[in-house]
Amino acid sequence: MDLNWSAEDLAFRDEVRAFLDDKLTPEIRRAGRLMTSVYPDHEASMAWQAILHERGWAAPAWPVAYGGCDWSLAQHYLFGRESTLAGAPLLSPMGIRMVAHAILGFGTDEQKDWFLPRILTGEVFFCQGYSEPESGSDLASLSMAAVDDGDDLVCTGSKIWTTHATEANWIFSLVRTSRTGKKQEGITFLLMPMDLPGIEIRPLVMTSGEEVQNQVFFDEVRVPKRNVLGRIDEGWTVAKYLLNFERGGALAPALQVWADELGEAAAAQPGPGGRPLAQDPAFAAKLADIRIRTDVLEILEFRTIAAIAQGRNPGPAASMLKVLGTELSQALTELAQEAAGPRGRVYQPHATMPGGPIAEFSPPADGYVSGLDWQAVAPLRYFNDRAGSIYAGSNEIQRNILAKAALGL
Amino acid sequence: MDLNWSAEDLAFRDEVRAFLDDKLTPEIRRAGRLMTSVYPDHEASMAWQAILHERGWAAPAWPVAYGGCDWSLAQHYLFGRESTLAGAPLLSPMGIRMVAHAILGFGTDEQKDWFLPRILTGEVFFCQGYSEPESGSDLASLSMAAVDDGDDLVCTGSKIWTTHATEANWIFSLVRTSRTGKKQEGITFLLMPMDLPGIEIRPLVMTSGEEVQNQVFFDEVRVPKRNVLGRIDEGWTVAKYLLNFERGGALAPALQVWADELGEAAAAQPGPGGRPLAQDPAFAAKLADIRIRTDVLEILEFRTIAAIAQGRNPGPAASMLKVLGTELSQALTELAQEAAGPRGRVYQPHATMPGGPIAEFSPPADGYVSGLDWQAVAPLRYFNDRAGSIYAGSNEIQRNILAKAALGL
Amino acid sequence: MDFSLTEEQEMLRDTVAKFLASRYNLADSRAAAKTGPGWQPEIWRGFAEELGILGATFPEKVGGLDGGPAELLVITEALGYALVIEPYVETVVLAGGLLQRAGGERADALSEAIVVGDAVVALAAEEPTSAGDWRDVRTTARRDGAEWVLDGTKIVVSAAPIANQLLITARTAGGERDTEGISLFLLDFDASAPPAGVTVHSYRTIDDRRAADLSFDGLRLPADALLGAAGAAWESLDRGIDEATAAVVSEGVGCLRRVLADTVEYAKQRKQFGVPIGSFQALQHRMVDMFMEVEQAVAAQYLALLSLDAEPARRARAVSAAKVTLARAARFVGQNAVQLHGAMGMTEELAVGHYFKRLTALEQEFGSADQHRARYVALAG
Amino acid sequence: MDFSLTEEQEMLRDTVAKFLASRYNLADSRAAAKTGPGWQPEIWRGFAEELGILGATFPEKVGGLDGGPAELLVITEALGYALVIEPYVETVVLAGGLLQRAGGERADALSEAIVVGDAVVALAAEEPTSAGDWRDVRTTARRDGAEWVLDGTKIVVSAAPIANQLLITARTAGGERDTEGISLFLLDFDASAPPAGVTVHSYRTIDDRRAADLSFDGLRLPADALLGAAGAAWESLDRGIDEATAAVVSEGVGCLRRVLADTVEYAKQRKQFGVPIGSFQALQHRMVDMFMEVEQAVAAQYLALLSLDAEPARRARAVSAAKVTLARAARFVGQNAVQLHGAMGMTEELAVGHYFKRLTALEQEFGSADQHRARYVALAG
C-alpha cells in the first residue's frame, strides 16, 4: 500500500510536464481554462489534437498498432492528470474515446483501417446519435427506423442531444432494424456520413445560450450496410461495450484544478464584511468540503482504474464514480456561481470559450467585460453542469444500477 | 393579514403566563426541561395533569360538557405555546389527546360517561396497542386475533412499541375480528383493562437505555364486547379519525425553546480556538438554520391550525408538518449532541428525567455528573429523537401520502 | 396571526393574474429581452393604466392605492409566476420606498410619475467592493458651489439601461463602510445618451433582464439632486433593501409555484420504461421535497412581508430568515426541476429553463443565503 | 499509488477476522460493559498471545512486529466490524506511538508490557476547556525537589477505569494554548484505588466503553515519570492524535461495513405491504447513498493511514479530510440504518442499535467534522 508514485512514474510525469510546457500555447490554454462545459471550443480542441498527434499522444489508450501508447496504468493516469493540471482542453470524446473503441472491438479490418487513422488526424469527426425525443433514460426503447433495402439501410426518425452535430462529418447511431423480441434486440449500430441526403440539423439553444446540442432529423437516409458496426440487430451489444469507456475518465484532477482556481479567485474577491471572500467561514467551509470530497474521489477513481488495468471487473464502481464525480462537479460550479457574486448575474459569453455558437447575442463592440473572466464563466458553467447528473445515464438510473449490482436489491 | 396577536389574545396569554408562573413547581419544570424524548417522566406528568385539571385546563380541546374549554383557536394555540415556553412537561398524549377523541367521536354515552372523567383525573391511564412485530408501516396488515365468543372477544397475539404499558391500566387496541375482504376491513377498536388475565408485558430496552416502549403479549384474553369502540369490524374508521388528532400539535414553540436553550448553553461552552462555542461560525450557522426553519414552521403550523379551526380541510398539510417538524427536531437534537462535545459521550441518565426506567444502570453513589445537565440529556435525546421520523407513520409513508394527496402522483 | 386576504385583495390577485395570463407570454418577453429593447413598454403602460399596480404601495396623495404587505404579496407573486422581467421591484418597491421616505417636491413628483407609468427608476448602489453590502459606498459626492460632484463606480445596476431616472448612493461623509454619511442623489437618465461625466456599459443578465455598470467621473448634479438630508440615507436605504428583499422573496414564490406545477405535470406525462416517470417512488419523494420547499418559501413570504413594519431588528431578522429560506428553495426546486425534465430542462424550449435562470439570479439578489444567515446570526446576538 | 495488500497482510486480516468471529460476540461484550468489569481481559490476552496484534505497530526490539499502515488498517477495521470495546486505539496506537517516540527505559519497558498484554494505557489529555484541542493544557506540573507535582482536571479519559498505566499531559511552561511547554507524564494507575492526590469519577460511555474524569490535586510523581524532554511533547502528541484519528477512521469503516450489510439484509427480509421493503425505490436509493458513503469512508481510511509518514502538514490535511469524511458517513449511514430498521433499529435487541451508538461517539472522537474541516481550511492556507 502506497499513496506515492515510483521514480519511473515521476520521470514520466516530468516528461509529460515538459511537453505540455512547451506545446500548450496561450490560446489553447485559454480554451481549456475558459471552458463552460465538458465540451471544448471545437477549433482549439482540434488544434491541440493535432499537436498531440504529432507527438504520438493523441490516443494513448488505443493499441500501439493503431497509434496508441505502450503505457502503464500509472502513465495513462499521470498523462491525464498532468494535461488537466496544465490546463489543456479536453479532446472531443466522441471519436477517440468512444466510437474508436467500438470500431476496435467490433469493426472489420476495412473499417479499422479507414476510420482509425482519420479519427486520429481529425479528418473524421464523429458525433453521437443515441437519444431520441421519446427515448432518454430508457434508451433501448429507441425507434428511429432503419429499413432493410438491399445493400442499404434506409433511416427515418430523429436523434436528439447530438453534441457538435454541426461540426461533425460522421455520426455513430443506434437505429431500429427489427421490432420483434425484446426492445434491446433489433437495434443496429450504424456509422453515417453527415452529408448524406435527408439529414437535417436543428440546433438546440441551452439555458447557457449555447448551441452545442442538436436535434438531427433523418428522412429516408440511405446508408450502405457496410457502415454497420458489428452485426445488424446486435447494436445493443456494441453500445453496452462502449458504456465502459464512456464512464472511464478520472474527474478528480480537473476538480482539483478548478477548486484551486476558485480558491485563488476568492482570495482576491471582496467578500462579506470587507474581507476577501476566501476568509468568509461559510465559503471556506464549502470549498473545503469540495476539496475533501475530491481528495477522496481521487482515491476511488484510481482504485477503479487500477482494477480495470489488472483485468478485474470494477463492478458497479463506474456507476458510483459517475454519481460522485458529477455531483461534486455540480457542487463546485454552484459554489463558483455563488462566489461570482453580483457579477455572476451578468451574461457575457464573449469572455468565455463556450463549446459552440451563442444564440441571439451580440458581444459589445468594445469587448467590455464586467468583472473577471472567471465570473463570466461561472453562470454558464453552472447552467451547463446541470447536464452532469442527466447525461450518460442519469444519476437516478445509476442509483438503480447500484441498488441491483452493488447491493443485490 | 397580520403576524400579531389581538389585545384579547394578549390578555389571555398573560393569564396563562401568570398561572404557569404560579403553579409550575421547580420539580415539574425540571421534568419538562430534562425530558429525553417526547415522553415525560410519568409521575411529574400526572402531577401536572392534576394541577391543570384543578384549573379546568387539562383537556382544553374537549367539549365543554366533558371538561373542555370554550377557547378560540388563538387561545388554544397560545395556551400550548406558553406552556412550552414555561417548560411545562407534556401530558401523556395517549389518553387526553388521543383515545378520548375516539371515545367522543364513536363512544356510547355509557363509555363517554365512564372513561372521560377518569381520563381527566388520571384514574384511567391509557397506552396504545397498534403496531405488531410484522405490522409497522403497513398497520392495516395487523393480525392479532379477536375471536367472537358470545358476549366476549378472545384476543391472542402481540402488540409492540406500546409506550408506558407498565404505567397504564388501560390499553386501546386494534384487533382483527375478520379475515375476509380488504385488510382494512375486519379490524376492531377495542378498550381493555391491562389487568385482564393473559396479558404480559416485556419492556424493550432502547438505545438510550430507557424502558419506555414495550411488547405486550395477549394469550386468550377475554374482553367484553361492550369494550368495543364503534362497531365490530369497523375499527379502521376509528383509527383513521384518530390520526387527525395524532398529528395535530404545534412543534415550533418547543423547538424555539430548545434552540434558545442550546444557544445559551453554547455561549457558556468552550468551543474551538478558545472562544465560546456560540461564536464558532460552523455552529452558529447550523443553529441559525434551525431557528430559521423553526420561524417558518411556526407559520405553517399556525396556518394549518387556523384552517382546521375554520372547518376547512387542511389537506396534506398534516403530513408535511409531521415531516418538517420531526426532521427539524432531529437536526436540533443532533446539533445539541455535537455541542455537548466530549461530555456528550458520557452515559449519565441519572442527570436527566427519562420517560421510563433505565436498564442495567446504577447511578454513581455520589451522584456525580460530568459536565452540565444538558450535556447529559443530549445523547439520550439524540438517540430517542430518531423515533420522530419512524413513528406515527414514518416520514417515508408521509412522503407517499404527500405524493398522492398534494401532487396527484 | 391571520394569513387570509380581504375580498379586495383577492380581487386584485385575480385581476393581475388574468391580465398576465392573457397579455404576457414567455416568447414575447424573451424576444424583447434578447433582441428588443429589453422590456415591453406597453405592458408597463398596462400595469399603470389597466391594473393600477404601479401605485399599489404609494399613498393616495401621489395617486397611489395606499396598499400594504398583502397587496405587495399578491402582485409580486403574480409577477414571479408569469416571469415578468419588467422592473417592478426596482421601480415601485425599492425606488418607490426611498422616494416616499425622502419626501420633498422632486421625490413626490417622481412618485407620481412612477404611479402613472411615466418613470422607470433604477438604484445604483452596488460597487466593485461591496459584495452585496450597500453600506460599502466608495462613490463620493462633494459640494462644489451650488452643485454636487460625483466620482465612483457602480456595477450590475438592475434596470439602468431602460430607466429614465437613476437613484445613486454616494458618500458625503464617513469611512468606506460607515452607515453615517451615505446620501442619495437623483439623476435624469438615458443609458443610450448618458450625461457628461457618466460612462455606461449596458448588458443583459442571465435572467434576461437588463443591467449596467456605471462610472461617474466628475458628474455634476444640481443642489436639488440630493434626496433627503445629506449623509442620512442609510436608515431608509436599509429599510428599502428589506422591502425589496421581501418583494423578491414573494416573486420567487410565484416562480417556484410555476416550476413545481410544470415539473409535476411533466412527470405525469413523460413516459420511460413504459410508465410515467412520476410513478417512480424516488422521483415522487423528490417532488414531495420540492413541494415542502415551496410551502416553506410561502411561509417565508408571509414572514418577510408582514414584518416590514416591525422595528428594524425584528424586520431584518424576519427578512433574512425569509431570504435564506427562499434561496434554499430556489436552488433545490430549480435544480430538481431541471433534473426531472432531463435534458429538455436545460434548453430554452420549455418554460422551466427560463425560470431556473431567474431562480438562480434570485438566490443572490439582495444578498445570498450566506449573507442573510450571517446577518440573522448577528441579530440573534 | 497502490492499494493492494501483501499476502502476509491478507493473512493477518483473515486471522483477526476469524478470531473475532469465533470468540467475540455482542452479548458477552455488552454484559462486560454494563454489568461486568468494562472489558474482557481474556480477549485482550488473546490479542497478545494468539494474534500478536498488540505488538503490530511496535518495533521488534520491544517484541513488536514492526508493522505499518497496512497492518493497522486491517486490524482496526476488523475491530470496528466486531464492535470491539477493548482499548486498542488508546493503548496500542495512541499510547504506543507516544512511548515509541519518547524512548528511554521506562517507555520501552511499558511498550514491552503492552505488546505482551500486561499493560493497558490511557491518555489523560482532554480538559474542561479544551473542546477537543489538546494543546489547551491547563493542568500544571512543577518541579519540587526530585519530584513533579501535578494539579489540574482531565475529563472523559477513555479507558482510564480499566487502565493500569496513565499518560498525562501537563504544562511545565508556556501559556494556556501554547504548543511549547507541554510535557508527558507516566503514572502507575488503578482507578479503584487511585494514588494520593488523584480523584477518579469512572463511568460508562454511550458506546459502552469506560472513561473517567480525573482531578490531580498535588499529585506527586518521581523524576522519571517525565517521558521525553520537558515541555517538548507537542510534536509527538500532535502526531499521536493523527495516528489515533486515522485508526478510529479505520475502525469506523469496519462499523460502517457491518451496518450497511445488516441494513441491506434487513431490507430484503422485512416485508410490509406484501413485499420486501428493499423493493421500494426510495429506500433502494437511500441504501445506494449509504453504500457510496461507506466507499468514500474506505477511501478516507486509505488516505489517512497512508499519509501518516508524510510531512506534518500533509499528514494533518489528509487525516482531517479523512475524519470529516468518516464523520459524515457515520452520521448518514448510522441514522439511515436506524431509520430503515424502523423502531427495531432503536432498540438494543439488534446489532444496529449498538453500532449506531458507537458511530455517534466516533463522529466526535479526536475532533468533530467541524473541527477537522477548520483545521483543513487552516492548512490549505
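As written, the chains take the letters A, B, C and D, and residue 1 is the first residue of each chain.
One rule holds for everything that comes next: contacts are C-beta pairs under 8 Å (C-beta built on N, C-alpha and C of every residue); 3 or more make two chains touch, one makes a residue touch a chain.
On a predicted model such as this, the values are computed, not experimentally measured, just so you know.
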Next item on the list: Quick one: point me to the chain whose Cα centre is farthest from that of subunit B.
Entry: A
Notebook entry, point to check: Across the interfaces B-D and B-C, which one involves more C-beta pairs in contact?
Noted result: B-D
Notebook entry, point to check: Which integer distance in Å separates the CA centroid of subunit A from that of subunit C?
Noted result: 38
Checklist line | Distance between the centres, which are taken as Cα means, of subunit C and subunit B, whole angstrom | finding: 43
Notebook entry, point to check: Whole-Å distance, subunit A centre to subunit B centre, using C-alpha means?
Noted result: 53
Margin query: Two or more other chains touching the same residue: where does that happen in subunit A?
Written below: 282, 285, 396, 399
Notebook entry, point to check: Listing for subunit D: what residues touch at least two other chains?
Noted result: 280-282, 284-285, 373
Check: When you draw the chains as points and link the ones that touch, which shape shows up: line, ring, star, complete, or other?
Finding: complete
Item checked: Residue ranges of subunit A in contact with subunit C within the complex -> 131, 134-138, 141, 160-161, 204-207, 209, 213, 269-274, 277, 280, 282-283, 330, 334, 337-338, 341-348, 359-361, 364, 368, 370-371, 379, 382-384, 386-387, 389-391, 394, 396, 399
Checklist line | subunit B residues within the subunit A interface of the complex | finding: 281-282, 285
Next item on the list: State the interface residues of subunit C toward subunit D in the complex, per the touch definition above.
Entry: 280-282, 284-285
Notebook entry, point to check: Which residues of subunit C touch subunit A in their complex?
Noted result: 34-35, 126, 128-133, 136, 155-156, 176-177, 201, 203-207, 211, 213, 271-274, 277, 280, 282-283, 331, 335, 338-339, 342-343, 345-349, 353-354, 356-357, 360-361, 364-365, 368, 370-371, 373-374
Check: Across the complex, what residues on subunit C touch subunit B?
Finding: 1-5, 69-70, 73, 264, 267-268, 278-279, 281, 284-285, 287-289, 291-292, 295-296, 299-300, 302-303, 305-307, 318, 320-321, 324-325, 373, 376-377, 380
